[in-house]
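Once you scroll down, you'll see the structures, which are given as structure tokens.
In what comes next, chain A is part of two complexes: it sits with chain B in the first one and with chain C in the second one.
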Partner chain A sequence: MNCTIPAGNLKVLTKSLQTLSKIGDELYIEVTKESLLFRSINANKTAFCSFKFFNTFFTSFEVADIDSESDENPKLARKIQMKAILAIFKPLHKDKNLAFCHVELQYESIVIIFKIQYKFDVTVLHKVHLLDMEFWQVNYPNDSMNQVTGTGHCFSQVLSNFQLNNDDLGLEVMHHKVVMRNYDVDETNVLKCIRSQYVLNAIDFVSFKIGQPTNITCSLKPFRAAVQFAEHFNLKLILNFETAGKPVVLIIKNPTFEVHIVMATVSSDGSTQSSISTTVSSIQKKVMNTKKHSDANLTIEDRIALENVDWNDEINNLDEQSKPKLKPALNSLFNNQLGRGHIQKDNDIDNRKLNMDVEDDDIIELSQRSKRIKTVFERCYESTFREENFDYGKILVANSDAESD
Partner chain B sequence: MKFRGVMTDAIAMKDFMNVAVAVSKLAKECVMRITKRKVYFIISEEDAGPRRPLVWCELPVNFYFSEYILEGVNEDYNEIYLSFATGMLSRSLSTLKQNPKSLKVKLTNKQTPCLTLEIELISGEGIQNRQCVHDIPVETISRKHWKDYEEPHFNDFHVTLQMPHLKPIKNIVERMKNISNALTVSATKDGRLTLAIQETTVNMSAHFPDLSVESFAGNIHGFTKTVTDEDNLEIVSATIDIKKFLMFITGMHINNNCTTICSIVQEKMVKLFLEQPGSLSLQCFLTQLII
Partner chain C sequence: MDIQFLAEIKDLKVVYNVLKSIIFKDFVVMRIMEEGMKITVDDMKCVETSVYIPSNIFFVYKIKCDEDIVFKISHKVFTECLHIFGDDGNPSMKMSYKGPGFPLSLVLKHQEENIIVDCEIKTMDVEDEFPDVNLAEECNLNNVVLNAGHFVEILSNIDHNSDELELFLSPEPPYFRITTYGVLGETQIDISKNPDIIIVFNCQTESVSKYSFNNIRQIFKVLNYANKVKISTGRTGLLGFQLVIYADDEKVMYADYYVTPQFIDE
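Here is the complex of A and B:
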């Protein structure tokens, strides 16, 4: 393969390499008849990024012998170190004397050659050794029932409200709006960090098609990388997703190239509860209220999801028996809200205010008590704690009855 | 306990953000004292022993909040003291950079006590506004510890004079910091402020003459000395930690309308007082460095 990239497009290439480097440490280069593909995948295989440069991106694009695919060389796909290629292209970012860059990759070769041509007949030649390559295939749907399109600038504004050290982003998508959160609303172990929530209306997006409202949690880092790229070139970002557990596909399109970023989502099951419940006690109260008619409200999907849930991994500090009951109740609570749209949501905010008024007096007492409990019985609140693995020795007195409300 | 304040004025929101950013540069942790008329940010000295305030910042409620509800512990002590990480507040408030419509600050109980910032943003195209909520975990300070955060009163300064522009001072002191860690601040009766460092190899001093002197009590310690030391009567000086001084100077890019006043107690302390009339006052107490 021989191709020439004009100076103007080198900026795109550099930026795309920076985006790829935020996802994986190795770059997979694949040549097809009409395009050059740059791909990377992260270490735990939860995020995948693919840049497809069409032949219009290049001033010349020659692929030899691609028709004669033999068994030995099914396709021209190679792997190199990301650091090596970044070191070549990063310094070019602000160089004004660039003319073009020539890339050469042959079947039998053990190196890929980057020849950078400057003005005044200066040529710099880089040879990067290829690494051993294992083949993998990433299959993802290109079209899904939920599709949200927004400008890079819009997404960038939203993401600027989340902290750089946040790992996950929760998206609660409704028919007319999106709620983004950096925390799990069901999480009872509150960390010492900012919890943020951002509400965007459908009108803020270029297009907003929601087939089925859902709640997904994905990794923030690749998302941020994609948004930065889209914002830099003033492009639109298309978000394709279905439900929790199914991948999110981010697509950025341009006439000369196309970017696909695939991110895994956390298969959240019961964690779809809204932020109305401000304290553990109020969650329990609500559960009590909804418990009676909880089964009636379950949809088929919920039932399937519930069957697949490993309850042991869920809420650690609630006692063993109440778990299976609690979870369906929470799920159904969420369904109620979805059905009634954002009017219900407003009521929830009022509920929260009400809760506030009632419980304000207990703030100090409650926080100090729960803090003390967590420091004394720290081990019990860790996620790896399993009661059955724990040897109590001789039990002198049986557990007392739980406090009833 | 209940606290809820709403800001709608763009200038007030911007100033509030700037104050939060300035406070975050001065310390990692701070105490927010909420009273009927004023909101305070208090930063204590980090070293052990009795807590002494390092920075005392006052914000008048009527300038910032258009709606303000406060219910303290009880009617006699109608105040709330909260402690939190300054960085969290400044980072959360950075949302205000995007065309805000209103900011609601309130104390909520979401598993832990939280200072909740509800920011309504005007979105570019839409009629409906965007909403951003940040919860900052805080700790409430019980009444028995309130006395640690009492307002410091110092009146008997030997000299008080107006400071020149902070920017040139910052440039000079930044370079002095590379050489020494102790800065001697001295002022004379005729309004000359001198910032000096002394090392075995180099003595360096920057002079700012003709500043307006607000009060001058003279060097009391000087009176005990012989008459030949007449010059000493005219100079008041104190040696302080250069890092803390620089921290104050760099943190204070609040507004150009501010006036800064420097007060010195001979060999005891330097007080820097920054004021933006009607909206902000900030005091920084820098005590004599014990060598």
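Here is the complex of A and C:
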């Protein structure tokens, strides 16, 4: 493969590499007949990013015959260190003397060559070593029943209200509006945590098609990376999603390139069932880590109960709760009207969280008891146990009150 | 004892920046001569950097001794004293030295506030001075004079974690080639004889030598302050950089840098 990128498009390439580097440490380069693909995937395989540069992006784009994919003629896909390619393109960002960049990748070669031509007859040639490559396929739907399109600027305004240390983003989608909120299960110090939520109406978006209202939680980092890219080039961001547990696909389109970012979402049944997620998602891991100190024996149901804090209720209930004198002042402080959206922030002592801590103790007690029950009546919890096959004989005493629950 | 050396300087900024950028060893040798000051630092006898501050940079420059004054001084302490008022201080300085065994005394005066700082830095005798061989004389094979501003920009392409740097000079294309080798890959920079970058290209014989990148890295910091740079090579592979640094519009400072090549297994 031989291609030449004009100086103007090098900015796009540099920015896209920065976006890719926020997702993975390695860059997968794939050449097809009509495009060059740059891809990266994060370490726990919950986020995937693909930049497809069409041949119109280049001033010249020559590919050796790769019509038929066979054993003798395998796919031209290679992997390199992200650090290596970033180091090449980062200094180009502000350089005004650039003429063009030439990329060369051959089947038999062990290096990929980037040749950068400057004015004043200066040529810089970078040979980057290729890494061992494992092939993987990411399958994701391109068309979903829920599709929201907004400008990069619009999303960026929303994200600017979230803290940089927030890991996850909750999206609650209804027929006419979207509620975006930070979702922070990792915060151990409730006094320091800030909860933000942003309500966007359908008119804030370019297009708003909701087939089925849903509530999803995804990672904020790749989302932020996509939004930054879209905002920088003033492009629209298309969000495709279905329900919790199914991946969210972010699409950014331009006549010369196309970006797809796929993110796993946390499944509502507590297990991660995303097509790209093969490992436990970071969110799930964090839940486990934070709970470890209190009790590792919490069942999945318990954890879900802890996670599914209904924030709406919480914020609505604030006024009615313990400190009525303080609340109005606080609310006026945090109910800022920002743009056309509406933000509510609550960094007061989180009453709900405190209540939850009390409940935590109950849960611990409960689960310890259920553990004891399981050891005593081990047989009843085995998978081969069938109640109908079991002869109780004559019941002498009915269940006591405590057990009847 | 009478003061043997006395100097006063008004604008310390460039002098301080240049001196700071050559810190890679604890001690420097300061040689005070009729023509100016020379500050030399060397490492393992394979890298040597010197900064020349000609006497015309100084407002007052008096030397009452027939021989050159030579002493060793802690580089870190010296540069820290020059920067005692921080970035926006830009003090004027008076230097004096009484003779062997006496400290180097500095009096720094803040330009706006009425603050005077008196510093005394202990000096040491130079025992194992680098024999004063004329390295410039040895680098007589090829030389190239470049516009430092453009050259620094081009060098920003180099991966600073490289292990080795190879310099190739040839009368035929590609006239001037720098190649760096690192874990991630290699980078090759070709600069042709374009008058915007190369001011003088004086190369009769082809020469190629490899240098440890760790040694070369030191010069990159000083290059940022330079206006012109002359790169010269010797028959043994010795590489020299001579930098011209403009302290202000008329006054010029010089820095030079020599590095020996890596042992090449033939």
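Before moving on, here are some points about what is shown:
We adopt the following convention: the second predicted complex is superposed on the first by the 254 of 405 C-alpha atoms of A that agree within 3 Å, B and C clash if a C-alpha of one lies under 4 Å from a C-alpha of the other, contacts with A are read in each partner's own complex, and residues count from 1 in each chain.
By definition in this document, a contact is a pair of C-beta atoms (placed from the backbone, for glycine too) under 8 Å apart; a residue touches a chain by one contact, two chains touch by 3 or more.
Just so it is clear, the model here is predicted, and its values are computed rather than measured.
Set against each other, chain B and chain C differ in how many residues of chain A they touch, and the higher count belongs to B. Using the contact criterion defined above for the overlaid structures, shared-chain residue A:R386 touches neither chain B nor chain C, since it reaches no partner. Of the two partner chains placed by superposition, only chain B is touched by A:N201; chain C is not. In the superposition on chain A, contact is made by A:N161 with chain B only, not with chain C. Legend: residue contacts after superposition of the two complexes on their common chain; A:K33 is shown touching neither chain B nor chain C. Look at A:P91: by the touch rule set out above, it reaches chain C but stays clear of chain B. Residues 81, 83-84, 87-88, 91, 95, 97, 111, 116, 118, 120-129 of chain A are the ones touching chain C in the complex.
Put simply, chain C touches chain A in their complex at residues 150, 153-154, 156-157, 159, 184-194, 196-197.
Here chain B touches chain A in the complex through residues 1-2, 71, 85, 88, 91-92, 94-95, 98, 107-114, 123-128, 130-137, 139-140, 142, going by the rule given at the top. Contacts from chain A toward chain B in the complex involve residues 154, 157, 160-161, 163, 188, 190, 192-201, 203-204, 275, 278-280, 352, 355-357, 359-364, 366-367, 370-371.
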